[in-house]
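Chain IDs A, B, C, D, E and F follow the sequence of writing; residue 1 opens each chain.
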Amino acid sequence: MTRHSGRSADQLRPVSFVRGFTEHAEGSVLVSFGGTRVLCNATVEERVPGWRRDSGAGWLTAEYGMLPRATHGRSRREAAQGKQSGRTLEIQRLIGRSLRACVDLEALAGCTITIDCDVLQADGGTRTASITGGYVALVDALAKLRKQRKLKKEPLFGQIAAVSVGIVNGAPVLDLDYVEDSSAETDLNVVMNEAGGFVEVQGTAEGHAFRRDELDSMLGLASKGISELIAAQRAALEG
Amino acid sequence: MTRHSGRSADQLRPVSFVRGFTEHAEGSVLVSFGGTRVLCNATVEERVPGWRRDSGAGWLTAEYGMLPRATHGRSRREAAQGKQSGRTLEIQRLIGRSLRACVDLEALAGCTITIDCDVLQADGGTRTASITGGYVALVDALAKLRKQRKLKKEPLFGQIAAVSVGIVNGAPVLDLDYVEDSSAETDLNVVMNEAGGFVEVQGTAEGHAFRRDELDSMLGLASKGISELIAAQRAALEG
Amino acid sequence: MTRHSGRSADQLRPVSFVRGFTEHAEGSVLVSFGGTRVLCNATVEERVPGWRRDSGAGWLTAEYGMLPRATHGRSRREAAQGKQSGRTLEIQRLIGRSLRACVDLEALAGCTITIDCDVLQADGGTRTASITGGYVALVDALAKLRKQRKLKKEPLFGQIAAVSVGIVNGAPVLDLDYVEDSSAETDLNVVMNEAGGFVEVQGTAEGHAFRRDELDSMLGLASKGISELIAAQRAALEG
Amino acid sequence: MTRHSGRSADQLRPVSFVRGFTEHAEGSVLVSFGGTRVLCNATVEERVPGWRRDSGAGWLTAEYGMLPRATHGRSRREAAQGKQSGRTLEIQRLIGRSLRACVDLEALAGCTITIDCDVLQADGGTRTASITGGYVALVDALAKLRKQRKLKKEPLFGQIAAVSVGIVNGAPVLDLDYVEDSSAETDLNVVMNEAGGFVEVQGTAEGHAFRRDELDSMLGLASKGISELIAAQRAALEG
Amino acid sequence: MTRHSGRSADQLRPVSFVRGFTEHAEGSVLVSFGGTRVLCNATVEERVPGWRRDSGAGWLTAEYGMLPRATHGRSRREAAQGKQSGRTLEIQRLIGRSLRACVDLEALAGCTITIDCDVLQADGGTRTASITGGYVALVDALAKLRKQRKLKKEPLFGQIAAVSVGIVNGAPVLDLDYVEDSSAETDLNVVMNEAGGFVEVQGTAEGHAFRRDELDSMLGLASKGISELIAAQRAALEG
Amino acid sequence: MTRHSGRSADQLRPVSFVRGFTEHAEGSVLVSFGGTRVLCNATVEERVPGWRRDSGAGWLTAEYGMLPRATHGRSRREAAQGKQSGRTLEIQRLIGRSLRACVDLEALAGCTITIDCDVLQADGGTRTASITGGYVALVDALAKLRKQRKLKKEPLFGQIAAVSVGIVNGAPVLDLDYVEDSSAETDLNVVMNEAGGFVEVQGTAEGHAFRRDELDSMLGLASKGISELIAAQRAALEG
């Protein structure tokens, strides 16, 4: 079997991180997974949501959006529609949960970090690119807080990246693009940390139910892909 | 380790299905997973959503709601709030996808089946109870269509059930109740068919990232639980 | 004239109250007026709405909802529609006003009681069943407060029940079911207290305008029906 | 007992109807009940709501609004709030039902008449003034249709007026103004036709439950008031 | 060229101000520019919006609405639609900005003045009539504050009026009515103060782009018209 | 007087257009006016809004949005707020009107062109950059239609650009950045075509009312700036 892109089954698309893509955000990263390009902006604000106020701890949350023409056809602008779709809410909840998994919220006392992930161009895997790029933006924002000596305790205790895997034409493949995603029999998004621990596993059978051995293969591919993404994040942060 | 309820790690809560719980719906099932009670009503309508019209096929969708006082404290009524929460949308999308996995939409030509899952009382696992009870309501609704000779082709080609598993106090356990869910380190919802194939796998690390062997144990427990639920559904449908 | 159900003109449908229908609410009553089944949950919260804050008094309010498939055909879910219909708002305002008529809000100082009335199955008279069942849930909730010694003063000073009457096929009848309601020429909802005083009277001519003598007959029927409902509530509360 | 305004118990406030108050509407009437001034505009459109389309019949509906500063303090603009209040919906449903009671919808085939009632100044009784003035606007709009020979059949078969009555300081009084309304123990809105038939009766105990004899007195006052309003409408229409 | 109304190119429509048109508002003015009639109510409230709270200063804002049948055909009620249109928001922002240009917000400390402009009848120029009439209502409201000695410092430091000008049939004309507005090649709204200074200039080419000399002519006409409106406001306020 | 940026009073910021910034849109241009960067995507769809259907003509419209962290502080996401602000609606209406001024809608028969302007980074003048960049995206989209021979008639008949001018520290200046905009006494947005005709003129006095000679100076600056932008657009389109 060959992939339409010529990639091998366990090959990621070219990944890049442009740090400081915009000027105002505490962390601003344009992440690309092949043709998927997401602008991840991390904002630090010295306030917490009402329901967190008594806890003394801080908060980290995420919002996700897609520019109307990020996709092949134009999708309607959610602001004009008057609400965010179920898909959008689901994705931004996933991004928030994933990135909270590497942060000590107690150490953020009094602060909220918001990770805005806006998809400029979509070619499959926008949620995994958002998590992976969002992590880099988060690190940059925390560095700014650290420099300003606003952190009494280090909040960052891990590294987070995400990738999609799936069964396409009967074979497990890594990092699906839009064409593959559209025809995948199974679609699995995996979020892991730098130690190989699972943070989120979300798999859906699109065509037939998938077997345990298929799941095992996909998890293996995800694990390989994420270790490469973890390395790419480090390279970008050291660059 | 013992569970606060005295259950063993691989033990489901008592499960029951009351078919015909209300009179009007084509399928109406009150499902109980211990203290969790969900009313699942299946409605058949001879119309399809606009975007399906040209396909010739039918559609199956689900909606989910929680009565304001299904929970310990009162939650605000979504109808009064003016919108469904992200959690609600996420759950009803999951129920719909899961039940579509056992139905041939072509065979439903011209019809939409809506599965309304309304939680009367919540004690953990409302989404998995909804899927498991929704399946029984769906079967009853299809039986009615079959009796009325409105089906040219059989749409039902499988059986679907769901259960939650998790890591509580360091140990994998099956079918978490509210108390366990609140303190779980990892929470995994699994949807499978009668052949042991996976339809949905959604796992979230709440405390620490979970290891591959923990995931394996949880999948094993889920598999056992679901085969019991599949049997319970059959018994209820034959009863 | 005979009624399609075989009931005499002044005969109620079988009425029942299942107390403690769900576990979490301070008062939880499943009320049935024949085929109409409404779950009435009373919640006590130690806070008052903003506009009541300065008054020192408490508050009692109600919310009403209908499960989508409580009715013959499926009605759209209000939470998904993004708003409550005019009918819903009208009914929940009526329930709230009616039950406030037996409660001393001063004595509820600092507390809000919310009566959630959710229709599981509709067969006419859902608003009157809601009021009549809501009263029983309210009494149970207040008993809990009394036991916890949270009441300095007794807030309950009366008993409230409600019934519908109407002109069907030219004759006044008591407690209309859905079939009668659909063909009624006049529809009158009456809320009264245990002393026979009127709390709400809401009559609408559906076909022709009704005469004063017709109104008089209907009020007479309502009065008889409500005294039976008052007795049934007492029996349920003593049971 | 004397009323603060010096009126006798069975005395209406000065009533006036200014026909043709605005130019564009098919019927445009500024109705005054004392200090309450409502602009009632009747619009005829050659279309019916979707759900009426197959019936062949026409439709009549009403909308109600209050200018933000019609009242003593400023109330928030509903358009800016993003929704109509329960009170507004309740009132506009009442106006629509009341005026449909004098119109043969079959005869309006293909047309919708909308009665917009906008309160310019409020001093109690805005809903009864709206119905009473709305009737005059409706007659003017139908006259225009008749003149244009767009009516095959006469749709108007009755005359409708409305008034409020109540118990104030223990005594039944007719046509309450704001001061009386605020302190009323009972508030009853009555809609009747020219033959003395009841179209709507909506009574609410504000303080104590009202007795049957109080209801009887109030209905008597309403009947007297409405016959005067019916005469005033006629005079205005002939003027 | 002659105008369809017989007016000369630089002639305003008859302008009138009815002060005290309603009773409750601190300032209430019915302004007419020919067939355009707008009710402008000024409300004074002793509170400021949240975001102004720390400033110590007061605030002035405006809201605009059009009764559904102010226009030739009926437009949908914004409150029923659930939102204000872009046009409405644009106009009310313009009215607010324009009137803030003659008021010292510091001097209004602690108070918000809201100018509600509700169009009873529309015949072109509703926004300029709103500003011109709103000014008169504002002056009346401030007079009331002055009389109550609630002002430590005089807030009013200028006079504001507005008019529309345009190119119709190739010629610049003053104060367009609906017929002219509909066929105008260019439409320019001008807000000025009593000293001839510009507060707002908003011009739009409807047909072809307009030339600098056309703009100059229009500004000249506007200037003449506004000085007449300024005089008319003064006459009304002295009257 | 010197500007904080060192620019002369009549000097634009560096302007650039990156065509083909994203892949899917028919026209995709990243426009920069100094630190202001707006992604302008033009979409062609073969359908027209309902209200245009009978006209036979096509339509051109625009939507505008600002990424939450385009600004110094984070602004709330409009999609999450559930509505677009008045400012957003005003700007997108302006962009649409401006670009319709160079397009023959008849020639677009059956097609709608949507110009999405999303601000990635804001430093003043986002609406004028949107119009100027939107024009380039529009030209690219029309070129694609022309190449596909979908145009029977040429729709483009002019060139449109826009710039802001203002009075800062008492002196008229061209193309205000954020710092200047915040302290401007007057702010004027001007849209012109390649022949020097005015399409839109929108001026607001922020501090004091502006005089006629100030307006004249500002219009002169705008005219100079726009002729440079027109040249820059041409260079980009030929590039």
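In the analysis below, a residue touches a chain if its C-beta (ideal position, glycine included) is under 8 Å from a C-beta of that chain, and two chains touch if they have at least 3 such contacts.
Chain labels with UniProt names: A, B, C, D, E, F = Ribonuclease PH.
Source: prediction; values computed, not measured.
In terms of the stated touch criterion, chain B (Ribonuclease PH) and chain E (Ribonuclease PH) have no partners in common. Spacing of chain B (Ribonuclease PH) relative to chain D (Ribonuclease PH), judged by their CA centroids, is 50 angstrom. Chain A (Ribonuclease PH) and chain B (Ribonuclease PH), compared by their mean Cα positions, are separated by 28 Å. Of all residues in chain D (Ribonuclease PH), those touching 2 or more other chains are 82-83, listed in ascending order. All chains join into a single ring; listed from chain E (Ribonuclease PH) onward through chain F (Ribonuclease PH), they run E, F, A, B, C, D. The part of chain B (Ribonuclease PH) that touches chain A (Ribonuclease PH) in the complex is made up of residues 83, 86-87, 89-90, 92-93, 97, 101, 158, 188, 192-193, 195-205, 208-212, 215, 219. Here chain E (Ribonuclease PH) touches chain D (Ribonuclease PH) in the complex through residues 22-25, 28, 35, 37, 39, 41, 43, 45, 63, 65, 67-74, 77-84, 88, 114, 116, 118, 120-121, going by the rule given at the top.
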